[in-house]
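A, B, C and D label the chains in the order they appear, each numbered from 1.
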Amino acid sequence: MSAAALTLPDAEYLVELRFPAQASRMVLVRDVVRSAARLCGFDETATHDIVLAVGEACQNVILHAYEGRGDGPILLDILESPDRMILRVTDFGPAVAPAVLQPRDLGELRPGGLGTYFIQNVMDTTDFGRSPGGVGNVLQMSKKKDPST
Amino acid sequence: MSAAALTLPDAEYLVELRFPAQASRMVLVRDVVRSAARLCGFDETATHDIVLAVGEACQNVILHAYEGRGDGPILLDILESPDRMILRVTDFGPAVAPAVLQPRDLGELRPGGLGTYFIQNVMDTTDFGRSPGGVGNVLQMSKKKDPST
Amino acid sequence: MSDTVREVNGNLVVRLAGEIDLDRAPEVRRLLLDSVKRSLDVLVDLSAVTYIDSSGIASLVEALQWAKRRGTDLCLIAVSPEALRVFELARLDKVFAIHPDMNAALAAGN
Amino acid sequence: MSDTVREVNGNLVVRLAGEIDLDRAPEVRRLLLDSVKRSLDVLVDLSAVTYIDSSGIASLVEALQWAKRRGTDLCLIAVSPEALRVFELARLDKVFAIHPDMNAALAAGN
């Protein structure tokens, strides 16, 4: 959760995307993440999980940071280091306290609140903070590559 | 070929990409273009052709604008208007005279020189110019949607 | 690929298809709740679902809760590997009755 | 999916696979020229090629020119729809001999 964790890691950019925060754009964004995860050598389950995490992160931005207005942009940076894939989702919405993003208790059966839980369970690291420029929030996630591949 | 043709058309952004001008990144970029073309409703042949055109355009930037150095970035803007898909490839290399980009005569059997020919044959419009900011070249291409779909 | 509803032996089989995300969840939710309202047992076929996220899961949880309140059953059949993965992650694979196919669900009394 | 070369009845069948772009064209070019150098007729199987661009086409044109100079044949077999589209766009579908499969190519004398 430290700001340091959000500075540029020792990794190569695969691609940076910018798209409007609209639910209808997510099919395309997920396709990009799927291709990139395969390129990093992840198997089908890990690829699915990474796509899910990015989908949930963008959904949070659409619903919460921009409250469904659909006019703000989302930035998605996809990076690869020798041992992991790093994905960074940036919005330009009001500051969110990291504590808000605690995953909920699964004990109770109710719709909603699963997004953050999925992200934290499928990724190896997740760090939430203000963007380096000070405008907007950044969720940086990473997943370790399978050493056997 | 006019500068006006390169100003922002009346179209919605699907996604903007930024990636290093390296041949190894093109698989991912083509996947994005393929998804976007399908999203715009193009059939498999038109989707293939659009992917080919973008691949050739990026290949030209990798080989000619950056001369294979692989350090410069490529920007790819993908837009959709009601009647067409618009793709814009921007580099930050030295200015290229549009006349250089004439497709070659197919009569002669020799390897090379096909890229520009493919782009001009599969797309409905292609406009080449300096980027609005004055740094780099922009190739803007568009393809009409099939009215029957 | 579109969603379909058909009646089989007094049950409703709701077949969902494609990617069920924030964009498509409202229409899926409507379809499921309308099906539950018909007071028949509902079998939700997820064989053609290639992606489902928290918003799709939320629609299914809501439909299950509606069914429980009405005293009807709602179960999942032929769950694709992608969808099963998400139910497992959410620990909902024990909350929903899941059957390999329609016949197994009917035999189990759904 | 990787490229393979095998000998069939005194011909070389070179099977290319995947996406042949700027990144992979050098290795494909090497494979084709090495095959042509063996002074056998070469059948290039393009059934598993899902994408080919001007750099891949350039490698094939160069191999065809080398074969002509040596007096051997180089033909294409089982060309995938994606690859055929590109040969047609380049008007090279009349320059290369194209056969539906290996048997047709052998019958035609390749």
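Here, contacts are C-beta pairs under 8 Å (C-beta built on N, C-alpha and C of every residue); 3 or more make two chains touch, one makes a residue touch a chain.
Remember, it's a predicted structure, so these values are computed and weren't measured experimentally.
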Required steps from subunit A to subunit C (each step between touching chains, minimum): 1
Chain centre separation (subunit A, subunit B; CA means) in Å: 28
Between subunit B and subunit C, centroid-to-centroid distance (C-alpha), Å: 43
Geometric centre distance via CA averages, subunit D-subunit C, whole Å: 49
Multi-partner residues of subunit B (each touching 2 or more other chains): 27
Contacts with 2+ other chains: residues of subunit C: none
Interchain contacts, given as pairs of chains that touch: A-B, A-C, B-D
For the subunit A and subunit B complex, residues of the former touching the latter: 12-20, 25, 27-29, 31-32, 35-36, 39
In the complex, subunit B residues that touch subunit D: 23-24, 26-27, 30, 45, 48-49, 51-52, 55-56, 59, 62-63, 106, 109-115, 117-118, 121-122
Touching residues on subunit C, where the partner in the complex is subunit A: 19, 21-23, 51, 53-55, 57-59, 61-62, 64-65, 82, 85-86, 89-91, 95
